Each structure stands twice: as structure tokens, then as C-alpha cells.
Amino acid sequence: MSYFIGRNREARETYGFDEIALVPGNITVDPEDTDISFKLGDIRLSIPFMASAMDGVVNVPFAVALNKLGGLAVLNLDGINTRYENSEEVVNEIIHCEPSKATEVFQKIYKTPVNRKLIARRVEEIKKAKVPCAVSCIPQNAAEYGPIAKEAGADVFVVQSTVITVKFESSMQKSLDISKFVREMKIPVVAGNCVTYRASLEIIETGASGLLIGVGPGAACTTRGVLGIGVPQVTATVDCAAARDFYYKKTGKYVPVITDGGMLAGGDVCKAIASGADAVMIGSPFAKAKEAPGKGYHWGMATPHANLPRGTRVHVGVTGSIEQILFGPANTDDGTQNLAGALRTSMGALGCHNLREMQLCRIIIAPSIKVEGKLLQKAQIVGMGKQK
Amino acid sequence: MSYFIGRNREARETYGFDEIALVPGNITVDPEDTDISFKLGDIRLSIPFMASAMDGVVNVPFAVALNKLGGLAVLNLDGINTRYENSEEVVNEIIHCEPSKATEVFQKIYKTPVNRKLIARRVEEIKKAKVPCAVSCIPQNAAEYGPIAKEAGADVFVVQSTVITVKFESSMQKSLDISKFVREMKIPVVAGNCVTYRASLEIIETGASGLLIGVGPGAACTTRGVLGIGVPQVTATVDCAAARDFYYKKTGKYVPVITDGGMLAGGDVCKAIASGADAVMIGSPFAKAKEAPGKGYHWGMATPHANLPRGTRVHVGVTGSIEQILFGPANTDDGTQNLAGALRTSMGALGCHNLREMQLCRIIIAPSIKVEGKLLQKAQIVGMGKQK
Amino acid sequence: MSYFIGRNREARETYGFDEIALVPGNITVDPEDTDISFKLGDIRLSIPFMASAMDGVVNVPFAVALNKLGGLAVLNLDGINTRYENSEEVVNEIIHCEPSKATEVFQKIYKTPVNRKLIARRVEEIKKAKVPCAVSCIPQNAAEYGPIAKEAGADVFVVQSTVITVKFESSMQKSLDISKFVREMKIPVVAGNCVTYRASLEIIETGASGLLIGVGPGAACTTRGVLGIGVPQVTATVDCAAARDFYYKKTGKYVPVITDGGMLAGGDVCKAIASGADAVMIGSPFAKAKEAPGKGYHWGMATPHANLPRGTRVHVGVTGSIEQILFGPANTDDGTQNLAGALRTSMGALGCHNLREMQLCRIIIAPSIKVEGKLLQKAQIVGMGKQK
Amino acid sequence: MSYFIGRNREARETYGFDEIALVPGNITVDPEDTDISFKLGDIRLSIPFMASAMDGVVNVPFAVALNKLGGLAVLNLDGINTRYENSEEVVNEIIHCEPSKATEVFQKIYKTPVNRKLIARRVEEIKKAKVPCAVSCIPQNAAEYGPIAKEAGADVFVVQSTVITVKFESSMQKSLDISKFVREMKIPVVAGNCVTYRASLEIIETGASGLLIGVGPGAACTTRGVLGIGVPQVTATVDCAAARDFYYKKTGKYVPVITDGGMLAGGDVCKAIASGADAVMIGSPFAKAKEAPGKGYHWGMATPHANLPRGTRVHVGVTGSIEQILFGPANTDDGTQNLAGALRTSMGALGCHNLREMQLCRIIIAPSIKVEGKLLQKAQIVGMGKQK
């Protein structure tokens, strides 16, 4: 709904995961009978879980492990794995540096240029395990890195920046022609990130095989704090899924949308699919895997930015294996393990047999938490006093 | 009201206890003159309070004590009391284990199969005290346990799962035919949990004598966090009560709805009735009774789940006897004791003579906590407890 | 605005102090030129501040001090001052008892019956200082205490219960005939508490000279937590003021409404007047006065309730004299001192010359605080981690 | 949108920075190509950043440093710099006094009268550095200080009070005739603070060259707590910008509006411009500059108020140079450094080439913090600071 936020100026109300909930269906379905597979281009993945291209989350061993289980990890070609042979050591340096030095260490490490040979080598290392291989880079590097990765055997190429649009205006930099890139790559190209109907539709029309959804989704997201920009994930996903549905109706081609960011537990994943996503890309939940290179730490690509660093390394701890995180048995009770099991159980209660049905389930607005402690302090100062 | 949460996708706004308040009436009534009795099938209970089928709350002695006072405790036939003769010892093991081992201990204890003989024995133990006896199990076990319990003298049978629907689709499991079960049991059957008009109406049409309302009601509820599913209790109760009223108007048969979960203090109980409930089922408030087997701890049936454990044991402490909790005198000042007194006092201020009148009282939307940390305290005092 | 909170059930959205703010006017006025006087019956008070009939706030010396300054304190005839000659000692007992014993101590102290002779004596003690004298009791005692107080010289009589209505139904207790009481008392009678248009209008029609507004106003209010009942103060004040305005238009008689409860600092007082109040009754802000008997503690009359105690003693500390609290100079910077100065300054910025103009100023909805710390804990559990 | 907050009483919903977010555009633009310059009268500033006239933020050296970088600092003619020759020493006294003595120290220091000779001297000291010079005072002093400052070479004069209106009614004080003042001053006059369409339009019609927007913008703002008055900054900016646009359409004269207050990090600045501002005036972010006289402390002009002190000194710490704060490289990752870079980056993602285009970007309602404690951290890190 739109509201006037002042004279002659309207703004839509938007929604994130914490503001909605799903409503049980009129029938229930045995979770064992649900189908949660997902198709990206011609590749069918048995589970709709992708791992974010973050240096604390995905390296070669992690990608091999996740992809064997039916998911798809994306290796960042702009990161540590292609800048350093000994990427593990470098990641360790980040993990062990003092908090006060973190920004400096980040900026130093990411100054080393990308080694083109390592691009091919990382792809080959993953392919050696006979699993699908997905890699990513920013638009500026795509024209160069894309062919190298494809040559080396990559199955999926992801072009990703904070905000992607078909048209980028610059007096100095060259802009990536996404349509041309897609045509030449031939392997599925996923592009992102988008949050609006129109930008999604324009990307879909370039021939991309998938779309990443999400700009500044989390309330605490750096993009939102530093740039003021962001769209909560439920609204972003619903809108971009509408572009997908429109294009599908018009052309018969179904381009999956992948919600990227802001999901912490099973419930968030369920809500993303219910909002219209075909799959999810998650970072923080996988950063807790013992296979993740960050050993419980993760950070985004804006963190090492030379001039405008955003975010910092975040500690989430190590809680279990990728397998536990995806399939259980959970040894935690907070919904961060057995994500696939949670998805199936949720589908059962919603009465959905597959993800496409789940995209149609009933959503309600149900703000989750309003209680808090910070305010107590204000109350104390102002004079409500304490109970004695 | 419905809002667009994105293109072509509408969602209703829903409400929980913390978001509403009751408005004093145009007359006031002496609390001593109010009638708070409630009828379930042919059984008239002098107070509308049922105790949840939780192993930390209801065992035989607790059921006898509560039912003597006019309430109705539900003994869980899938729990510790029917798996172990020495149920008290087993409950003690849960209470005293280390926090880090809790999930493991739970999973181990609930692996022991149910002993059919104990089903009958527990019912007989309760009936020996000449009080009504209510027992429960999940739909999958109802066809088997129901007749045993009825034979042994049970007065009320509760069929309960996270979400119940008349139709359950499974390629492997057999689905319970609720209509048939109700017909054959003859004693009142209560089914749950429901949260929607349609699912409630379908259950009512099976001939059930009562309906449990509530799926993921609490803001911090595990169902909501892990599965994304949940409907706040006020909206769920209003909707299901509407199904009851429709059916009553159509057939003349009045099937009570019982709000189950999310109530911590007297005010929540009052709001549940005002939302349309005929009675409430509460766990946490009764877990504080000195008669409760959990000695101040409680947990739900999802906690010991083998693959997708949810929730954990919660510590609420022991504050008084069942009688104090229901009828006072309160030795706490937070609304968790003298629940029946609070209900009567509230009815007096609302100008209501009985529960049916209270279902018609005026409700306002009045979010409870935005600028006070007070609720944090309330949560602590009132008994949400801390995770241990 | 009304919303459906479920099928066929509507509820109005309501507002408290924290959800609104006042908008500066099109002109500004010198605060020194503002008139903040207020008329109750034939008594003109130079400031619109009344002190709540709480035993921790008002005793004889406090009443004398406040009333000399132009305000009006209400002495509780059902409290310690009329039960005990040595009321100070008794208050000290409450203040110094151990927290765990507080409820018990309260219940014991308030068991001693009221001494009728002390009613007259307290009134005379106040009148000896040649200031107006206001006293209060519950409706059940009004017919008896009223004449005693009037005989002794009381200028204003307050009849107060949690919720007052003209019609009270009881099979055992006698109901107060408010019209008759007002007629016979002749001195101004103030009645409360009300929160709705209709109940206010009915009270006004009995001939009462003033109306107290407020039932369960605070978010953390006991009435709301224990009984589920309460209406946020802005909406309650607007509604009751509408009844006053209707009656004034119809009869030419202006019956002031006094907002009672939920105000902590100057801004809340300003908002109460802007919502339509003619004056405010405050407890907590005056409990901080060094003249207050509670020495920084206060409690309500529901706290010592024998069967359903609500609330507890609250510690607010001692910050200054009544004069400082009302007129400054403030030695705190949080808006809890110089309340009259804050009111005048606000009126200046709003462009209002007197309280009646202030009742017409522009109000906006502007929720004040949403940030909090409690949730951090949830975030940590769920896995957002901490920044390192 | 307007809502009834009670009978016959409507109130608009209003919005602050935390409740909105900006939506990425349909194209993206290279941040290097964006134009963020801003014109005040005939003075073109290369960046739209003004520094608040606060004694902890702006003194002569700070003004010289900021204005050299393209911004514009406002020196307070009612403050320490014009009361004391040795202003640094006096600021030090404030910084180093004990918290409990702060209000007293403030009140003492601000009792010393303004020395007219220092007004001219401070202006000359700034002009000596060949940078633009802006100074401010309250309306009561403008007629006297204005000519002195102009004589000494000031380029911009700011007339500022909590709330300014063209008409001020007082029986004792003389009111400033703003139109006459503007006519006589000839140099650009900026007036504030306003928050409504009508008051803005009236000020613009006096011939003022700029408008300061903001009264009680922050949720924790003293004006709001003590006086109940305040309008969240997004709505205030949108409304006042509408007055500017109306006047521009009618007369062809463009009078910039400058949002003043409530901005902590880059995202807030971006949102202010997107709401319609032509520039921002910030205090707290500049108080962190090593060039700021307060050495990490700041306070407003209401703090030393003799009778109604509001607010207190706030500690934000020193994080870097003015240059770092404006242009980076950032050594913090929280959006409080490289504000100009953040603005350009945001404009790039929004697809805006200049500030006027950014005023038209798409805004959504997206409350920032409901379920994360993250904002608590943000508040701490970002610089709201703690009270000392």
C-alpha cells in the first residue's frame, strides 16, 4: 500500500521476513512426499540452496562438499581464492587480526591483484570432484573472467554487484553488455542483485538464466546504513517474482529468481520461497559449517573497499557440518540446522507438494517481536523507576 | 485489513495479545456475580482453564488436583507418562541434565516406545480420584490409543498435532479419518490445532466436540522461527470462533473453541476469551505450580524431535499451588496468579455477566510496548523464563 | 481508524503519548504571555497540575505545599493517612521492607480499618494552611466519607475506582447513586476513571464537576497486564474531551477532563493537554519531590489488594522540591523538572495563548522509539553473530 | 495518511530516517560522474554539507578547515566564541567537568554576556583564510549582530531558533521583522527552524535565501521529550521542500532547504536529499573531527538554558579529520566517514546525476529495526554516543 510521507510524495509500505508469517493450508502433506528440487538452466539441483560468493564461506573444498549434497556454492573470482595460491593462510590472517586493525588488514589483503591463472585452476579443482561448478565476479571483470572460467569448465557464471542494471552510465568506465555476455558465454549466467520489477524484467530479457534478489535486505545491512538504499526481502522477492511470472506467461521461458541475503534460520528460507523465490542464496548460515574456510567468520565484498569500507568481519561460530546444516540431525534447536528438513516440514503443514505450490501459499502480516530492553534505559532516565 | 506486500500479492494484517486491549463497558458488574463456567460436550467445567498436554506440566497427580478444582488437565499419551512407569525419575533426568546435553537427553528419553498398558493405567489412576479425565495423542496414534483410553474410562480425548486438517496426504503413512474416529469414540473428542476459518469448520463438521486454536502463536515461537508458520492468537481465535458461530447458526450445535498457547498472565486469558474463545489451554502458567512434575521446567513435544528438534526446556520457576494460580490469594503481583479472579474482575469492569457476553466486548488495537523496557521485565517475571 | 482483527470483528487503532508529537504553529507566542490556569467548579487553580491520591505521594504536608503553589493534591481517604495517626512511620515500614516481603507487608498494613475521625482531622490539617483541600475515596465509601469530609471543610471530593460507570450491577453490594451524591455534596465532585465517550457523558450528566481520564494507560500498566483492560491516554483523552465538548455545546456547562496516569515528563503533559485535557493528574513525577512521604517510592491502591495484588512499590528517587518540579530551575535535563515552564515553552512554540487553544493544536503520529536491545539476544541465538 | 486518533480528531502519520529506504533505479551511474554541488544565494558550495552552529563543533579553525573543503560551517554568535576571547579554555572546562556538575557549569559559562567586539573579530579571523564565512544568532539578537557581522565581512547570516515563524507575539520582547532584516542585510540570510509547509512558505516570502528544516527530529530528542514537539525529518523535509517547489514554480526563485539534525551516517544524509533537501546541516558527525573544538563532545544551545535546560553534553569520540569524514578513506566501517563518497555512491545506485534528480528518487517505507538489536550497536558505533 502507498502512503503519503509528506506533501505530494508517496511511498509504498514494504515487508521483510520478520514482518510476515505463513498460514497453514486446508490440507496437510507428508513432508517425505515433498519435492524441493530446483532447475537453473539445464542443471537440476536437488535442493534450492546456493552458497554466497563470500571468501569466509566458499572455497574449493566447501564448493565440492556442498555441490555433492545437491546445492550450489558460488566461488568468488574477485576474492582471496584467485588472488592468492595459499588462500587458507590469508583467510587465517583476517580471522586472527585484532578488531581494531581489521579494516586495515582487509584493505591490504584485497590490494593484491587477481591472478588470472588461479581463476582457471580453482574451476578445475572443483570440476575434478565431478560436481557442478559456479563462479562469480563483478560486471567490470565479467568480459575478461567469464571466458576463462568457461574454458576451465565452469557450469554457471554469476555476474554480481550491489545493484545491477542493464544500463550503466559512465564517462570513464566501460559498461558490460549483459545480453552479449550471456549470448557468448552459453553456460547459464545468473545476474544480480535486483529488487524491482522493471530492473528484473530488463535483466531477464537479456537472456540470463537466473536472477539474484536482494539489496540491503537486512535491517542492519551496511548498504542501507551507509547508502540509505535497500528493499526488504519479502517485497523485493514478490516484485521480482512477478517479473519472472510475466515473462514466463509471455514467452514460456521460466527464469528462476534466487533470494539472496537476510536469511538466518529455516523460517526465513520458507518465507523466501513463499514470497515467490525458486531458491535461496545464503551466507551466514553456511559460514557456520565446519567446512567453511572462515572458521565461523564471514564478511562481504564491501568490507575491504579501499575508500568506502562497509560492514566488518562477523563471527557466527562453527556449529556443525554442511550436511547437518542442510539435512540434520540438528544439534541446535534454533532453526539453523536441517534447513532442508525445515523446508519440507513447513511445506507439509502448508499443504504444498513442491516449491511452485509453496510460492502460492497464504502469507499474513504478523510482526514478530516488539519487546526490548534498550528502552528500559530511557524509561529509567525519564523516571519510571525500577521495581524493588 | 489486507495490504499488498508486493505486486499482485496481498496479505492480511493479524494481531496477537500484545497488540490489543479491552475497553471498559458502559456498565460495571460485581465480579462475584460473574459466571465463568464452560461446557465441553456434556461436561460442565466450573472454570474455563485446561492444562496443556506437556510432560513438564501434566502427570496423574497434577491432573487430579486441577480437575478437582474445576479445570481440565490433558495427559499426553505420547509422552513420558506412557513410556515409563517411573515417569517422575525420567522427568528429573531432563530437569537436571546440563544445558549443552539437553537436546541429546531429550532425544534419548523419547526413543523408548509407548507402553500400551500404561495408557490404560494412567487413565484409571486419574479416574480413581473421581474427576473427569482427558488424554491426548497425535493423529497417527489416535485409532490405536483412543479405544484403550475410552475403555479405561477417559471422558475426553484430544487429537493434537502442530497443524491438523481433515485431509492429510501421504504416500506412506495412513491418515486418521477424524469423522469415523469421533463417531466410534462416543466420548467428546477435541481436535487441534487449527488457526483458520475453513480448517476449523471442516473439523467441526467431523463431529468433534471442541477445537484447539493456535499454531506458532508466540513471537518467539519455534514453529514460526523454524518453519515460518504461525498466526497470532487474537486473529486465529476470532477467525475460528467465526466458524463456530456459523456452524451454530446453521445447526444449533455449539462447538467450543479453546485458545491454546501464548498466554502468560491474566490479561492474556481475558483477551483470549474476548477474542471469542470459550476456554483456554495453558502450559507455562501451570508449569509454575508446585504440583507440576517439571518443578518449574517445561518443554513441548517438538523439543525431543529426532531430526528437527525445536524449542528447549524452559525454566519458569515454581511460584505456588494450582489453587493459588487459579484462585489466589496471589503472592506475586504480575498477573500470573489468581487467573480466575483476574478473569472475573476483568468481566466486572467490562460489564459482562458470563463468557459469552465477554466474547462480544469491545477490543482496541493498542500495541503494548514501544517505549518501555517494562515488558522485558514483564516477560521475565511473568514466566517466559530463560533458556537453561 | 478501524481494522478487522479477524472475521467480522473490528477494532479501532488507539494512541498513547509515545506515538504522537505536536507540530509547531504558524505563529509563536512568548511563553511569559501564556495562561495555564484551570477552573474546577468555582475554584481557579493557577496551574493545571493535580497530584494523584497515592500514599507515597500525598500526605498533609505535601498537599499544603503543592496547593500553595497553585496545584491541587488529592489525599486518599482509603489509605494510610486515615488508617493510622502516625502515617509517616507506616509509610517508612513499606519503604524499608525487603522486596520479597513487600506484598505481604502491604496486605498487612492495609488491613487496619479506616478511622473516621482521621478523615475529618486530615481535612482540617490541610485547611488550617488556608489552601484548597481535595480528598478521595472509592464509590463504596463515598456516601459515608463524603459528608464527613465536607463537614470538615474539604473543597473538592473525588470518587475514584479503576473503572467507574453510572450503573454498577451487584447482587450483594449497594451501588453509589452518583447524581444523588453530587447533589447532596454541593462542593465540586470529581469522578473517575473513564476512558470512553459514553461513560464520560453519563458521568457528566450526573452533575459531576470534573472527570478523571485513564484506565491502564501505561504499556506496563498492571490493569492491562492482569485484566487485559486499558486504553492508551491520547485516544482516551480525545474521546472523553469530545463528550465534554458535546455537553458544553448542548448545555453551556463546561466540565473539565483531567488526564490521570502515564505521564512521566513535560512532553507527556503537553501532549495530554493537546489531546483535549484541561488538567493533568500525576503521581510518579511528584513522587520524586522531597516533600513526598514515600521518599522516592510510590505505589497504587491495587498493590495492597488482598486477593489480586497488582503492581508493586516503585522506586523513582528524590530529585528536588515540588517547586523545582513545577517551576524549575531544573537540575536535571530530562524533562522531569519545571513542568509548568515546559508547558509554557511548548505553548509558545505551538502559538497557543491558553490551554483551550492548546487543545486545538496540530497532532501528528510519530512513533518515538523502535530501537532496542532485547532483540539483540535473539539475533545472537539465531546466529547473526557479533562484530569482532 | 491521516488517521482518527480519537473522536473528531485526525492526525497524520509521519516518517523519520529509520522508517524509509531508497530504491535502486532503473539505470546506474558512475559515482565519479555525479554532481553534488549546491548553491546558497550566489555562493556555490562544492558539497552540500553545512556544520551546525554548536560550540563543541564550530570555532574559527574548524570553519576555515571545512569551508576550504567546499562545505560551510556556521559559527554561533550567541556562544562561547563571542563571549570569551579564550574560547578553547572555556570549552575545555565543559569537557572536563564532572558529569554531575555539567548542568551547573554550563549555566555559569553561558551567563557571561556576548562581547560585540568578538563578533567582528571572529568573522575577520575566518575571512582572513579567504573562505566563505557564515555566522548565526537567535532572532532577538539578529537586528544588532547582523550589521556587525556583515561589516566584518560575513557572507551568510543564519537566524535560528528552536521554532521560527514570521509572526512572534510578545507583550514584552520585540519581534524581529525578518523581511526588513533580509532586505537590509543584503548578504544571504538563512532562517530556521521550520517543519511545516505554511511556516516555510512564509519565511521564503520574506526573501530569505535558505531554510533550515528540523524541530525535534530525533526519537530521543529533548525538544520532543520536554515539550512534546517534533516532526520526524523525512516528513518535515518533504513538506518544506514542497513549499520551496511551489514558490519556485510561482516566482522562478529557488530557495534551498537544508535539513538540520538527526543524521548520523551516510545513509541518513542520502535519505535527507532524497526527501527533497538541497543540503544538510550536521553536528554530531562533525563533532567527531579532530579539528572540532569539543574534542569528541558536543551540546546544543538548550543545554545551558538557565531555567529549562535540555539535553546534556554528548560524547561521540574523535575518529578522524574533517577530510576523512567528508571524503575518506574511511577507517571506520559504519558509514560515519566519507559522507560525500557515500552520497555519490548512493546516487550512482539510484541512477541520479545530481542532487535535484536525487530529490525525485523512489522512497519506500521500510522500518529499519524491529527484530535486530543491531541498531543498538549501530547507534553506539554511529555516534549517538553515550551521555557522560
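Labels for the chains are A, B, C and D, by order of writing; each one numbers its residues from 1.
The definition used in the following text is that a contact is a pair of C-beta atoms (placed from the backbone, for glycine too) under 8 Å apart; a residue touches a chain by one contact, two chains touch by 3 or more.
Computed from a predicted model, the values in this text were never measured in an experiment.
Common neighbours of chain A and chain C under the contact definition above: B, D.
Using CA-based centroids throughout, the chain positioned farthest away from chain C is A.
Here chain B and chain C face each other with different sets of residues for the most part; under half of the interface numbers are shared between them. Centre-to-centre separation of chain B and chain D, using mean CA positions: 55 Å. Chain A and chain D have CA centres that are 38 Å apart. The distance from the centre of chain A to the centre of chain B, each centre being the mean of the chain's C-alpha atoms, comes to 38 Å. In chain B, the residues that touch at least two other chains are 13-14, 220, 225, 235, 368-377. Partner chain D is touched in their complex by these residues of chain A: 3-9, 11-14, 16, 18-19, 103-104, 162-173, 194-196, 198-199, 202, 215-216, 218-220, 222, 224-232, 235, 303, 306-312, 367-370, 372, 374, 378, 382.
Across the complex, chain C meets chain D through its residues 1, 12-15, 20-30, 32-33, 197, 234-239, 241-242, 265-271, 274-276, 328-335, 338, 341-342, 345-346, 349-351, 353, 363-366, 368-380, 384, 387.
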